[in-house]
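What follows is a set of structures for review.
Each of the next two complexes has chain A plus one other chain: chain B in the first, chain C in the second.
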Partner chain A sequence: MRSWLRQPGLISALPVAAFLLVGFAGPLLMVIGFSFMPPRTFSLAQAPTLANFTSVVTDSYYVSFFWSVSLAAITVLLLLLVSYPIAYGMAKLFGKWANLVTVLVVIPLLVSENIRLFGWVLFLLKNGILDGSLKALFGLGAPQILYSVPAIVLGLVYVYLPFMLFPLVIGLSLVPDVLKEAAADMGASRLQIFREVELPLAMPGVLIGSMLTFILALGSLAESKILGGQAIVMIADDIESAFTFAQNWPKGSVLSVLLIAFSGALVFFLFRRVDLDRIIGRR
Partner chain B sequence: MFKSKHTRRNFLQQTGAFAAAYAALGALPRVARAAREKELNVYCWEGYNSDDVLDPFRREFSAKVRAEGLTSDPDAVNRLRAGETKVWDLINVNNPWAQEMMWPEKLIRELPRDRFEPMFAKMMPQFHPPYPWAMDKTGKHLLGMTQRFGPFSFVVNTDKISRGMAEDQGFKLFLDPKMKDRYGVLTYDNWNIYHMCVTADVHPFRKHTKQEIEAVGKVARQIFNGAKILTDDLVQMNLALINGEIDAYFTGGTYTASPARFDGARNVRGITPKSGPMGGKGGIVWIELTSVVNNPQVSPLAEEFLAYVQRADVSKKVAFAEGTYNPVTQMGDSAVLSKFDKDELDAIQWDSLEEEMANSVDYDINPDYAEMYDLYSAAKREREA
Partner chain C sequence: MTDSQPILQLKNIVKRFGEFTAVDGIDLDISEGEFFTIVGPSGSGKTTIIRLLVGLDRPSAGEILLNGACINDLPANRRPTCMVFQSLALFPHKTVGGNIEFPLKIAGAPAQRRRERAVELMELLRLPVDYYDKHVLQCSGGEQQRIALARALAFDPAILFFDEPLSALDYRLRKTLEKELKDIHRETGKTFVYITHSLEEAMVMSDRIGIMRDGRMVQVGTPHAIYNRPRDKFVAQFMGEVNTLQVSKIDERHVRARSSGDQFEVAAALDGFEQGFLIIRPEVVKIGSSAETLANRVSGTLFNDYSLGSRLQYQVRSSNDGYHWLVEKLQDEAYEGALDEEVVIGWRPEDSILVAE
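Let's look at the complex of A and B:
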């Protein structure tokens, strides 16, 4: 028998590999295949063309890409600002109460995202919970942010908070307190300890959280539809419309391929520059 | 030292067990096929998937019925195209899809005319047989059964904009500079394109000149740039209308206004313009058609279900299932009509239905949809928020 056939690991992995090939790589390859088919066709058995790529570049899809990338970047920055103190508390200060915070953050995940976002609509609506309560109590209404870009950002930050928070908690728990104490003993200021000791050591969590939330926000759709009143069109919305109302699978495929390529390139570039194994191993 | 638990002997045993499991899996489809006598899968707009409609059928036919709600006609047809003809037995979409797409693409089967045509004779007069949308283009094959229908143009808050004024102005209402930021756009994209044609004084359901298509693109920009909210959620749109965020929404009708009206908001009203570019008419009406899917193992219960939903009590349940409330063609039969009370008839605007139908043309295919859609989606993307 050949040597590779005698390796139980390889043989055991074969069913999973086959499953991944059919269930994960297969659909991706089909999307790539469709992107080269003539516009508004439903079969892969045609002469390939670049017409869809040309039309996507010449049309104004850059607007949707711009909004998706910008809002994803803003979301990541805001999430870092909001989550870092909470994560710090959970990793270093709260002790047994950290579990309670974890439960409080996780419980909303059991409710459908659309329902949670619709809850925000009722909260922010004109004469809704916030506006109505403020009017009743103080005679002054709340600023109207519903159906605008800030409402979309609020939705993105709210929905993706756990995906930033938990990697940050893990990242911060990788930072040994003795190193910070040592830095303080050697005269480092609090800012210096944060910048030169804590942040670099917590970087795996920061990077994984940022990457996760950036990619999720990039492909998001519900926030702009429900909270934003489609004040802007995200790229995922364009993709959905191309596959459904436009009945143009090849165009939807091109937009998907471009989004996947962009996300893939970003992850590849970042993880080429930052070696997570090395950072974690440095502990 | 790591010692592998795998020996040649147990590897053979495992392989044997795997092969047996695989063989058992292979037998499953045969079991499933045999069980399809008592199984029915329905892919439909919300309403037919309500337990009020399905449970009595399940009991009467001892059937296992699975129903999934669809959210757009093109999406549903896509899924059949993508191979789900093997999954579904019935599909319920709007009128043009069966005749124009699903029948030519062999996604649906024909119905026996002798059994089902007499049921059309009991419907409202405009649906009597042979009802053109239920037939293929040759008029020989019966492609489905009608039930729910409704005028679909736009919706206003009558406390802010009177019904008379809205009907007289028609879609031009949305081009009035005074309406800027006072209306929403319900993003049922295919409907919006038809209604933007009407707004641009262009008949949506015939071949268009380059100038006409450009005029529709221009109207799309005007409508989007003046809108306060865009959403594809009718509940959200009604809520915005009731709360005073907006005074009207572009694309809507009995289907979208009825849930709010039935909840007591009678100031929410679907409007059908009194005049327009479609032979003088300015409104459009949709009619659902439920067809048997061309499933290689189609359930014999598919036709039974089509006959079952024609019954008076079930027709009423279909009209008033959860979600939205709509007139049904079976209301031509007094036995069905008598099942609706005053509030229910008011929710579906029964008082003006005949007049609205007379001012509307039937939903159809727009031959220049693809070209108009590109202009429409660009206008939406480039909207001045």
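Let's look at the complex of A and C:
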């Protein structure tokens, strides 16, 4: 036997490797294969074609792409604004109360995402909890955002908050207080300390949180369907319909492939340009 | 040193953390251009006091005056002083140049000017100029030390504070940097306020030393005065290994050791001295034939000997009370006795120091 076959690490990794090959790499390869098959066919044994790729442009699927990318970007920006102060508090100020905040953020994750989103529907509905309460108390209704883009963004921000918050907490707790003291000692204002010391050193957390929530929001489906009604169609919605309702696997495959390629390229280029080790000074 | 107004004055400074009083009423004047070192064991309050002086904490009571103006309420970023931190607090995401230029960047200096100044400081501190673009964490401990000092000097502070910046370095590097720091002090003419737990380190560098214990300043003086006239046993023992005997006064020129009953001659008893400690440094004790004619003698057996490199140390066990005497000699005046053999040690009255309890 060759020596590498006798290594216990490799042998132990075999079951997982086999599982990943069958359960992850296989389907992925099939999806890629199907993206080159003629529309509305169910076999991989046909002459490859680029018809599906051209139909992305001709059938205006790029509109769903545009919505997914824009909403994901807006979600990430809003999440950064909302989560940074909370994360700062959890990392530096709350002390033992930080655990309570963690629990409060994590508990909703135990409830299905769809159920939570339907909760928001009841909350935002015309004459619903928010609107009805405001009318009863002040005689003035709430602005109707349900079944529109703002409601989708609200849902995305709400659902993906933990995925931004916790990387930020870790990122901020990596910033030694003494460095901020030293910066202050050398005359830096709070804003300068934030810009020159805190943000660059917390950048690994910021990047990981942003990346995570961007990718999740990019592939999101439930928010646009439940809170957005028919306002817009996101790309995940198109993919789902192609595979199920339309029974057009090649169409669904091509959209999936483009989405995966886009996300993959984004992660690849960002992490290549930004050296995490260098940011936190491990090199 | 000038006789004009001190650059920094502490008036009855107190700092409490809840029930605990870390700094308990300190008065101190530091002159312009002075190298002043605060020495104390851990927990003596020296770190607390430097944080108060830098502006990272506020005193509970008392006043800190900089050039005559009270700066109690001035936050650190608005004080014209700067500190080299114990951890150095170098910015790990910046290059050597980026670190040194930081205070200039904060002050809004143009990039060209910042770079010139950084290079100037790197030359002053004997850092290779091509380190400008090097990553700080790739530099050695001694280099990082110099970068931190260069960064603090770039701020051009009225007073430069140091919080034990050498404590993490190995002995030899520390010795080199102590001297370099004193040279930098001379070259820049700035006021340096340094804290350390090592009196030896303080002795090398300082114009004056203040010794702290339990939040109070026990003694302030020149290294010479602290060495030759320690105010009490704490200060005397802080200097390093010394022979300490508990004694009481017999007459103006004689004391009696509590444990052995031996009578020793002293140069002069302190005014109003009744009892206290007789301090005899290991290096003034003679051993063997050279001790036999001295006024103060103790006989015992040679318990052990140690090589301290340039010097040799002997422990002599007194046959009277079993006290272990320390004797230090240079290599060329080595004592050639065998272990457990009878030996006489002795010292001149003027070489001993009498301190109060």
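Worth a mention:
Going forward, the second predicted complex is superposed on the first by the 278 of 283 C-alpha atoms of A that agree within 3 Å, B and C clash if a C-alpha of one lies under 4 Å from a C-alpha of the other, contacts with A are read in each partner's own complex, and residues count from 1 in each chain.
Here, a residue touches a chain if its C-beta (ideal position, glycine included) is under 8 Å from a C-beta of that chain, and two chains touch if they have at least 3 such contacts.
Predicted model, so just to flag it, every value in this text is computed and none were measured.
Following the overlay on chain A, a side-by-side fit with no clash is recorded for the pair chain B and chain C.
Looking at the shared chain after the overlay, A:Ala182 reaches chain C, while chain B stays out of its contact range. In the superposition on chain A, A:Ala231 makes contact with chain B only, while chain C stays out of contact range.
By the touch criterion defined above, A:Gln247 lies against chain B but remains apart from chain C after alignment on the C-alpha atoms of chain A. Of the two partners chain B and chain C, it is B that touches the larger number of chain A residues. Of the two partner chains placed around the shared chain by superposition, chain B is the only one that A:Ser148 touches, whereas chain C remains out of contact.
By the touch criterion defined above, A:Asp59 lies against chain B but remains apart from chain C after alignment on the C-alpha atoms of chain A.
Remark: least CA distance from chain B to chain C after fitting both complexes onto chain A is 28 Å. No residue of chain A lies at the contact with chain B in one complex and also at the contact with chain C in the other.
Touching chain B in their complex are the following residues of chain A: 8, 11, 40, 42, 59-61, 63-64, 118, 121, 125-128, 146-149, 225-226, 229-233, 238, 241, 243-249.
Those residues of chain B lying in contact with chain A across their complex are 4-6, 11, 72, 74-75, 78, 81, 184, 187, 189-190, 228-233, 236, 239-240, 243-245, 370, 373-374, 377-378, 380-383, 385.
Interface residues of chain A, counted against chain C in their complex, comprise 176, 178-179, 181-189, 192, 196-197, 200-201, 278-283. Those residues of chain C that touch chain A in the shared complex are 54-56, 75-79, 81-83, 85, 87, 89, 91-93, 102-103, 105-107, 135-138, 151-152, 155.
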